[in-house]
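So, here come the structures, one by one.
First chain A sits with chain B, and in the next complex the same chain sits with chain C.
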Partner chain A sequence: MSRYVGRRIALFVPTMLVVSLLTFGLLRAIPGDAVLAQLEDSPRLSRQEIEELRAELGLNDPLWAQYARWVGGILIGDFGRSFGGGLEITSEFKRRLPYTAELAVLALVISIVIGVPFGAASAFVRGSPLDYLLRLFAVFWLAVPNFWIATMALILPVVWFGWSPNIVATKLTEAPAQHLVDMLIPGAIMGISSSAVSLRMTRSQVLEVLRQDYIRTAYAKGLGSLTVLRRHALRNALIPVVTIWGTQASGLLSGSVLMETIFGIPGLGQWTVESIRLRDYPVTQALVLFFAFATMAVNLLVDLSYSWLDPRIRVG
Partner chain B sequence: MSGLRSRFGRRRFIRATGGTAMALGAAALVGCGGGEEPAATGRKDAPAAPGAPAAAATATPQARAIRRGGELVLPQAGNPPTLDVQLSTAANTTNLGRMLYDQVLAYVLNADPADLTIEPSLAASAEVPDAATYRFVLRPGVKMHNRPPMNGRVVTARDVKFSFDRLRAKGSPVAGVYDPIASIDVVDERTVIFRLNTGYAPFPSVVAEPQTSFVVVPEVVEQDGDMTKRPGASGPFVFDAYEAGVRYRVNRNPNYFREGYPRVDRVTRIIQNDASALIAAFASKQVHVTGADPVVLEQLQRLVSNLKVAEQPSATSSAWVFNTRVAPLSDVRVRRALAKAIDQQRLLDVVLKKTGSLSGPVPPGLGKWALPSAEVRAAYSQDLAQAKQLLAAAGLSGGFSTSIIVYSGQTTYSQHAELVQQDLAAVGVRVKIDLQDQALGRKNLIDGNFETGMPTGKTTALEVDLHLRDNYAAKGSRNWGGFSDAQVEQWIAQQLVETNEGKRLELTKQIQRRVLELMPEVFLPVSSSRSAIRPEVEDYWPSVNSDRASEVATWLNA
Partner chain C sequence: MLSRAAHQMRVGWSVGLTGRHAVLRRGGLGLVGGVLLTVMILMAAVAPLITVAPNFQTAQILASPGGDHWLGTDHLGRDMFSRMVWGSRTTFLVAGLAVTLGVSVGTIAGLLSGYYRGGTDAVVQRVVDALIAFPGLVLAMAAIAAFSANKLTISLTVGFVLSPGVARIVRGATLATMSHDFIEAAVALGASNRRIMFQHVLPNVTAPIIVASTVLIGVGVLIESSLSFLGFGLPPPDPTWGQMLSGPGRVYMLSQPWLAVLPGIAITLTVLCANLFGDSLRDVLDPRLR
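This part shows the complex of A and B:
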């Protein structure tokens, strides 16, 4: 097991190297000028002054030198500074990560809590009105985009009650309860939306498993329906579902951009969008590397979870 | 006051500088001098005396009980690119700057958006011994914020010199604005002399430049390298906290030199740009003010009864720029033909939903410095027959193909471009709309790699010279189309040193008429800036230039 984990972790290194090269290269291949993007509407800069600023940011150095400087910094834990305002990337990252992580965890938990039980229930009562209702629920959340739900979540309470969720997040340390409310609404929207996939996947897997011989055997032993479902069907049905969770976790981590924008959550998604708009190379590069790393780490955890869910699967 | 009047040398100042300085001098008579400001008497007090704080000068014509305290919450579209207010002209930084810092001179703040009067702020008096020398004496006893490293010390002439030297230093992104300054001399603790390279009529507008001409704290820059960690100097508010992507807060400066101001205890700017979120926030009292285009305003009016609406003309021109270096756009007849083919009224009605006005080279927000609207309207009357004649005269009776660079995400410009495309098809001109990312589009414009473009980023300055020289002088920093005309060059140079306001006004009008004649760009209609203001908010005046909005005077009536 440990050898397997070691091998997988070792594979992170070349993967990250490729990701770093691609990120670095593609960002510079995008047409446009990082300095002009940073300056926005600053007035009256001569070409010479723009060139001086470019040199100051190291953008006139050969690409290999820029890359070597960046990677060299990472190896000693220094991700550099943002082009805009010279913000230290590591400290800003530490400030923003908890927001995004909290949102992703909330969403994932809500997704699992809704998706798995309702998916299993839907399979268990296949063809019943409840099954149709749950399937309708899943299709609705798959079909309707998150941003529309988020907009409705903001506007409708105002129309009905003159109240609206906060449009910027409260700090956990300032007002923990309010913070939870601020995060819970976007988290719930993301989670319920994601739960639709889990629900459908759980339903189809449980239906598949319920047809297996060992389920019939379990019934023949006299076990109750719920026991059969919980002990024998669900656990075996979960492997593909867990794979989906892995994908969702990565997606929730990097894909919370819209929720962070609409609900004013200062997470990594909001920062990514801003850094791309402003051609803030050091920030974008650092964030892409992080998302790549997070995706690999989540996938590793998912792979490891298979052997726990199904003892027949051995790693190593 | 009489002593101040004589020290201020009003007649001398007006005679020497004219133009904006005239307004400065006039305002100085009522605007400077201690002891006239309204006393802050508890939580409610009498309205401000005329001419006391700039912000109150014309705002309170009739007696009203002003309620003090509370938190004013305003939205802001994005993070300040930097908290060092001398390093960025982005509105998101300037919004913070004007609350934390003071200026030697400042544009008067009042309910009349067309009032571009400049008045003393930190200055108690000003003299203009000759056209190239400005001498300012600072108000006595104005204190910096009571926090390290300045710890409430008095603002001195050395602070002024340091601030302007930093602004014009090599590497400063705004150094060009301060080009006219040759040197700055400190005479004593309160007296500072600006020596210019040559006579420069609009110099007061440089000192009052609302985006960066702030008096800062030398110790902060010397100790920290910049002002990002400890922003603030002597302004009406003291910096409290900033969380990128969420909000920043400033608290009332209890020692602010204009007694009785600011009126609210705290201003919070929340960083949010999502239209739906802002509608919800405005209706649920999370923000007191929000920008409101006609569609948003209609929704807000349904949700909030008695909301107030403030509408300000634009101080930013909006143009369809031609690259005059390349054929056939190098031919003035072709440029005129394109202008004549466009239905400007349709752009105004459809794109701007009738909330705006046609604009010439100087936008309507600059009041008397802009051409009269009738003249602009006449220059832009659509005449397809004439457009075809002009094209035929240029040997293009079959039309030609061209492209318009539009920055992606700029919906207004995209819609303008689409209507222009339709209009030009009627005279045989085939237009390709080239949507480009802003960073790329701006680079192409600066490098001259374009045929035509509808760029954002024209100046928001309140000084007419910046609208003319930057755009139409051969070396102007925004003259992207390479326009060059000897007559325009000459007039631009003349208006720079013309101290008689009437003559300068006429010169600037001549330049605009000449530009309209040579048509290096077609000016697009400009939208009025509209704000929805909650009923409980008083004395909030968004400005033609958002850099001088009125947080210092605003109060909450509930």
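This part shows the complex of A and C:
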């Protein structure tokens, strides 16, 4: 067990190194450096002033020195400053993170609460109308784009009830109840659409497990259907399902980019879009790195819990 | 060598489509999805013959569906049906190119990784891990903002985003194939690495590649439309579904909701068809994954 955990954690470091190099490299590969991009709108600056600005931002240093300075800063929690207004990225980050985290947690909870029980039910009543209905639900939500549902969620209530969700999210501290409503709609959209993946996965895993001999044994010794499902089938079926929650994490982050833009939630996703529009590279770079790190961390946790849930992996 | 791979793909497709248990014979939703998808692609291909130019402005502004314009017109009096079909040209072109690129790169990376194992595998897998960890949509937005947004750059970026997933699938299938006796036999007969990889391993991993390609068409369509929804797709006046939804769709969403409803239905239908068809193909070609 400890060897597996050690190996898994050891792999995290080189992958993170590749991630940081790619992030840094990709944004440097963009033609025209950050200063030129910034100054496109204000061409009055003289050549000398541009050079000074570039020196100030350290863009004349060799690439390895820039990279070392960037990584060094991150290790002590300093992501540098944004171009637009010289905002301190770390403090702005801390201000925005809770919104995105709240959205992601809401979505994940909704996704699990819908996906797992309905997936198991669908497998258990295989071939019945309920099974078809649930599969149809999953197939539909896999195909429908989040941003369209979000747009519809803004339009249809107005048409039908003359009520509309807020286009700018209220703060938790100002109006907690309203805040929850504002977050719940985008959270539910993300959650329901990712529940489709959980549902399909749970269904196929439960079907697989129900074929096993020990299920027949459980029935043979006189256990009721629900007990078999809950105690024997679901426990074993859920292990692979946990893995896809890891892959869902990156989907939720992409989803947050869209949902935060549509519902005016001042989180990291909205900031990402803004920073890319304004070509605020230090911000984009920090956010991309964070998203990649978060995804990898979630996947690491999932892998570790996987080995904890399934003893065969520990031994093998 | 690669033409052989292409041949294998063709054989795989035809087995999936017309073989003994294939999609065409089984019928059902997979067949419906495949047929609808084909019809949509054909319509996109012959768009100039069946529609007016997408930017032709008629005198009727914001006309409701029905009448002269059966899907209505937008705020500039442009026929919505024509814009939808022309938008699908962009969508299918980008998704098609992106999937081709992502599948080719991913297949080669996965083959090399699974075949050589050891150091090659370790390096390729770290890069794949890193790329999978990246938020694909964000990466694509940044790349498109930096280079100009045209069909080629968008396809390249989306393809790049799709490739690590393919690499993972192909690596897994390659590892499984490598344990078979016929690989050992090929080695014993003195076949070169390249020959074993492309003549013996590749034909055995085409099934998951075909299934993945089909499902990835849907993913490509979703990424392309998300990008254009956020303003990182083809710039106006070229129509794309995502941009029609976010632009006029959102401006006139209360008075003319169909402007937002129609592109959404088009995206959903396309992805739905690709998924249904892909699921059916998987049942035929790769029953283990069912």
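Methods note: the second predicted complex is superposed on the first by the 269 of 316 C-alpha atoms of A that agree within 3 Å, B and C clash if a C-alpha of one lies under 4 Å from a C-alpha of the other, contacts with A are read in each partner's own complex, and residues count from 1 in each chain.
Following the convention adopted for this analysis, a residue touches a chain if its C-beta (ideal position, glycine included) is under 8 Å from a C-beta of that chain, and two chains touch if they have at least 3 such contacts.
Everything quoted here is computed from the prediction, not taken from an experiment.
Of the two partner chains placed by the overlay, only chain C lies in contact with A:250; chain B stays clear of it. In the superposition on chain A, A:140 makes contact with chain C only, while chain B stays out of contact range. Look at A:92: by the touch rule set out above, it reaches chain B but stays clear of chain C.
Once chain A of one complex is fitted onto chain A of the other, the partner contacts of A:279 extend to both chain B and chain C. By the touch criterion defined above, A:154 lies against chain B and chain C together after alignment on the C-alpha atoms of chain A. When the two structures are aligned on the shared chain, A:291 is found in touch with chain C, with no touch to chain B.
In the overlay built on the shared chain, the residue A:266 is in contact with chain B alone; chain C does not reach it.
Look at A:52: by the touch rule set out above, it reaches chain B but stays clear of chain C. Note: residues 30-31, 151, 154-155, 158-159, 261, 277, 279 of chain A belong to the chain B contact set and to the chain C contact set alike, using the contact criterion stated above.
The part of chain A that touches chain B in the complex is made up of residues 30-34, 36-47, 49-50, 52-53, 56, 84-87, 92, 95-96, 151, 154-155, 157-159, 162-169, 171, 260-267, 270-271, 274, 277, 279.
Interface residues of chain C, counted against chain A in their complex, comprise 126-127, 129-139, 141-143, 145-147, 218, 222, 225-226, 229-232, 242, 245-246, 249-250, 253-254, 257, 260-261, 263-264, 267-269, 271-272, 275-276, 290. For chain A in complex with chain C, the touching residues are 11, 14-16, 18-19, 22-23, 26-27, 30-31, 139-140, 142-149, 151-152, 154-156, 158-159, 204, 250, 253-254, 257-258, 261, 272-273, 276-277, 279, 284, 287-288, 291-293, 295-296, 299. The touching residues of chain B, counted against chain A in their complex, run 78-84, 88-90, 171, 173-177, 226, 228, 243-247, 270-274, 276-281, 283-284, 286-287, 303, 436-440, 442-443, 446, 456-457, 459-461, 466, 470, 477.
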